[in-house]
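Before anything else, here is the set of structures, which you'll find just below.
Two complexes, one shared chain (chain A), two partners (chain B, chain C).
So, the complex of A and B:
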């Protein structure tokens, strides 16, 4: 048993605190395995990311820097990462199950030809066996798996499945700088440009989501939900029914074909709770459902419910909330 | 232009009853209806659209039991030239094993392609690993979450990929490559019963899946099925809207939304 590595994702050097979230569970697993929790970072200018990785608890950081690693590309990054793995032999590697984490881990798993457990919602040791729990069939079942024969064991973890580690500024550790360069001519992919959609909403990172479904009934209803979301510092989500009706762009969609989210608070307005929607939000910490239909399935999985018309409840809530804030 | 599309037949987990059996060792899905994986439907459509525009042909491949022939017939009805079934009656849970089988199959039969399309993920197990894994085994580039194909040249394609937070990127990627196709990239064409009947007349070749299992070094072991912690159902707030909102504000405060 040995070290647990955590991949620190970034976009051209930019991170969010959640980029470091797995250092928390990584540390716990490393202690149980008698190893160290290590971060690995690949990029161009990553000094501040390395510093933050130590602050969030990494005991050791492996860094690979080269201009070819400026932007994430799965083929180049996985070459660098596999180079590190072959040299230092970690035991477990954790990634977030984001697009980048999934791309890198599946490419690495293929190169190393080992199994990969994707989108774990829990990881623990039992009798020295690393066990991972995944959700299946839209979250109505959990399935526990092991990957004991794989060296290393690659796991992607659902964002926010574990507590954020505490950040201690100035905390230090051992830095291992590795030079792995891949000539640009070897790169089979080239990023031409980034396009920012007219809609920028980061549902995966949001702590509060105010979401609307078929019951919203019209595009203007989402302006009302946006007003509430802005007030509470949250993001606006939507069910597929609302997106398909053209009331709100696809970027807002939560559910099986949209984003899987796990906010602290999910306010579901006029969402009946189809299995495909529940698949994307049922693990939220607290779910408040507002729906006219007392038999709506959403009430079965919600924490709190209001049986009523969202067009009466939301304006009232906004009014009271503003009064509380003294606005 | 030759495009190979992998398409999977999956259990449609809608509202039907699913049961855990044999003390958590297995899940009884026999009562469920089966269908083509939603993502693969978009992938087949995109492949057919691409060859309609640039020429070439689409080959649909499915890895599964004999009933998976259904998704091959469907692909042919949509415009695929041929359908190949890698028959494996015991379901393969681990995408790493599925990718290895696909890799061995492609190598053994010397299948020539410019691109392989897969869906971003399968609805049943939601791994989303197959495409990237297969690309790594084949040592060819991979782009996931493809939401548009802008350009198709002899040695490269330019695709648009969906990223998080409302961002997307345009990538130039060398050919041959693997692309995983995201839902919403197109409008999959309607497939009529007549169309499927006609497609049935096109021969689908069947291969014995057990012949492509070499070199599989490790696989995920499935230990136990369980139900997630049961939720008690929502605690209903007051029927009176005014009081309900007041209670809700208290909840928001408790959750740290405001002080």
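So, the complex of A and C:
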């Protein structure tokens, strides 16, 4: 009892280090209740994922392998996951609030008849009650949610809300292999194709985002932002105004009707900082604002601000970075 | 051939927000309400489906008395009918309670092939109701849909494109299905004057828990496993620094400060 499970997401066996990020907070929560932090992995070829889960600190790993679990499908994965849960009875299950984490957790919540706390930015036990903090109304309020009685307690967590756990190669633990197979004829879905996006960097996973708004003024301006982003190893984001103007595709949009991001560094160029935009990025660790208007609301949340024309500031900044980084 | 579309009335993000701190729920009557922006895409997709496949479209909303406004708007846009789920005992429902009540309404409409909804609401921001609803109903979950390629109502099949991390997944799903849509799937239309006039006079049917056969111990504030226990304003970010001086100096200073953070490698 008191075990905390972490769902390890992957795409056909491919993970990123962030797939394992919740093992850190999972361990802390498990210790608070005298339980173990356990990972669960569902897939076809997942041996290396299991190994990595131990390396990132899982004390126990539950694995389910079957050819039908090659690609994530929430209808099938939730059947396997619910089977595991019913057999082993974890207390808390953590998922990342990505599309996969949200799909799996919501399907499980519906099947298991329990509630779910979504997109938590902090989680802790207080007097043995699980409490989760989430941002509401564009981050203007923090709402603390308590879950006293659901079994298990499902929580999705905003990517990058917690420190990455340390990876210790060769660390081992207990592996529980479970055989759960679902006949393909029971599947509600069939994956026909996967079209890789032209956007090479995933905004939600990016540590650095260079983002442009109305002040960019034209589609070509995003080439300049991309140059800066490439130089510092970041991704390009955009405000709704820039997307609605047709300067850049929707998949770059950050904000209430776009993506919620939490990079270590967010460089906002020509973005005034409407509440809808702030909703998607205000929890970034360091925010740089470059804007002509000294009264732009973005400066209120910025760590560093430059009042000026982005078309003068960014080329200069690129020049300085090139010199300092020796590129 | 029936499509149901779930719409939620949400407070305008720009509006001042008031909380009932005792109950830990929103004081919804104090806020200018709008249709959840993501649901506008769902309504438009339902109307496009109606035009293409000649099916019937019904809109459902759960919420207090004034939530009928979003349904009246849907009527003005041209849906065949609307249902307003309204019952005091539903107030304060968490996502599971909400999905459970919506599922009961969809069953009551009967023979629904596709349930359309926005990917999430802009007030709760959880995005989990579509998945929960599909699981409760036993329907196929198809979330984050950026395009509906094809619907085969007779063959009970649908093909969609889902926008997930790293690209688009093309999925064929069995009907019935719950389809949650993202921004950009279409351009929502505005109601015309005739539609508005017609809708203004129409009766909005109301469904209570009893009408829907909802077990009251499964919904509402007291039944919800997750409860809001505290609402606070996040601590303000420490005062930022506006860099001043000549452009060259400022750029130099900023580049150094950012490199000092050891984020850029």
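Everything below uses one rule, namely that the second predicted complex is superposed on the first by the 322 of 327 C-alpha atoms of A that agree within 3 Å, B and C clash if a C-alpha of one lies under 4 Å from a C-alpha of the other, contacts with A are read in each partner's own complex, and residues count from 1 in each chain.
The rule is simple: contacts are C-beta pairs under 8 Å (C-beta built on N, C-alpha and C of every residue); 3 or more make two chains touch, one makes a residue touch a chain.
Owing to the predicted nature of the structure, the values given are computational and were not obtained by experimental measurement.
With both structures placed on the common chain, the touch criterion links A:202 to chain B and to chain C. With both structures placed on the common chain, the touch criterion links A:116 to chain B and to chain C. Look at A:102: by the touch rule set out above, it reaches both chain B and chain C. Look at A:324: by the touch rule set out above, it reaches both chain B and chain C.
Across the superposed pair, chain B and chain C both touch chain A at residues 11, 74-75, 78, 98-99, 102-103, 105-111, 113-119, 131, 135-150, 188-197, 202, 204-205, 208, 232-233, 250-251, 256-257, 264-265, 275, 286-289, 299-308, 312-313, 316-317, 320-321, 324-325. Residues 11, 74-75, 78, 98-99, 102-103, 105-111, 113-119, 131, 135-150, 188-197, 199-202, 204-205, 208, 232-233, 250-251, 256-257, 264-265, 275, 282, 285-289, 298-308, 312-313, 316-317, 320-321, 324-325 of chain A are the ones touching chain B in the complex. If you check the complex, the residues on chain B that touch chain A are 11, 13-15, 18, 20, 27, 38, 94-97, 99-100, 123-137, 140-145, 158, 160-174, 177, 183-184, 215, 217-228, 231, 233-237, 239, 241-242, 244-246, 248-249, 251-252, 255-258. If you check the complex, the residues on chain A that touch chain C are 11, 74-75, 78, 97-100, 102-103, 105-111, 113-119, 131, 135-150, 153, 156, 188-197, 202, 204-205, 207-208, 232-233, 250-251, 253, 256-258, 264-265, 275-276, 279, 286-289, 299-308, 312-313, 316-317, 319-321, 324-325. Those residues of chain C whose C-beta lies close enough to touch chain A in the complex are 11, 13-14, 17, 19, 24, 37-38, 94-96, 99, 122-136, 139-144, 159, 161-174, 177, 183-184, 224-234, 237, 240-243, 247-248, 250-252, 254-259, 261, 263-265.
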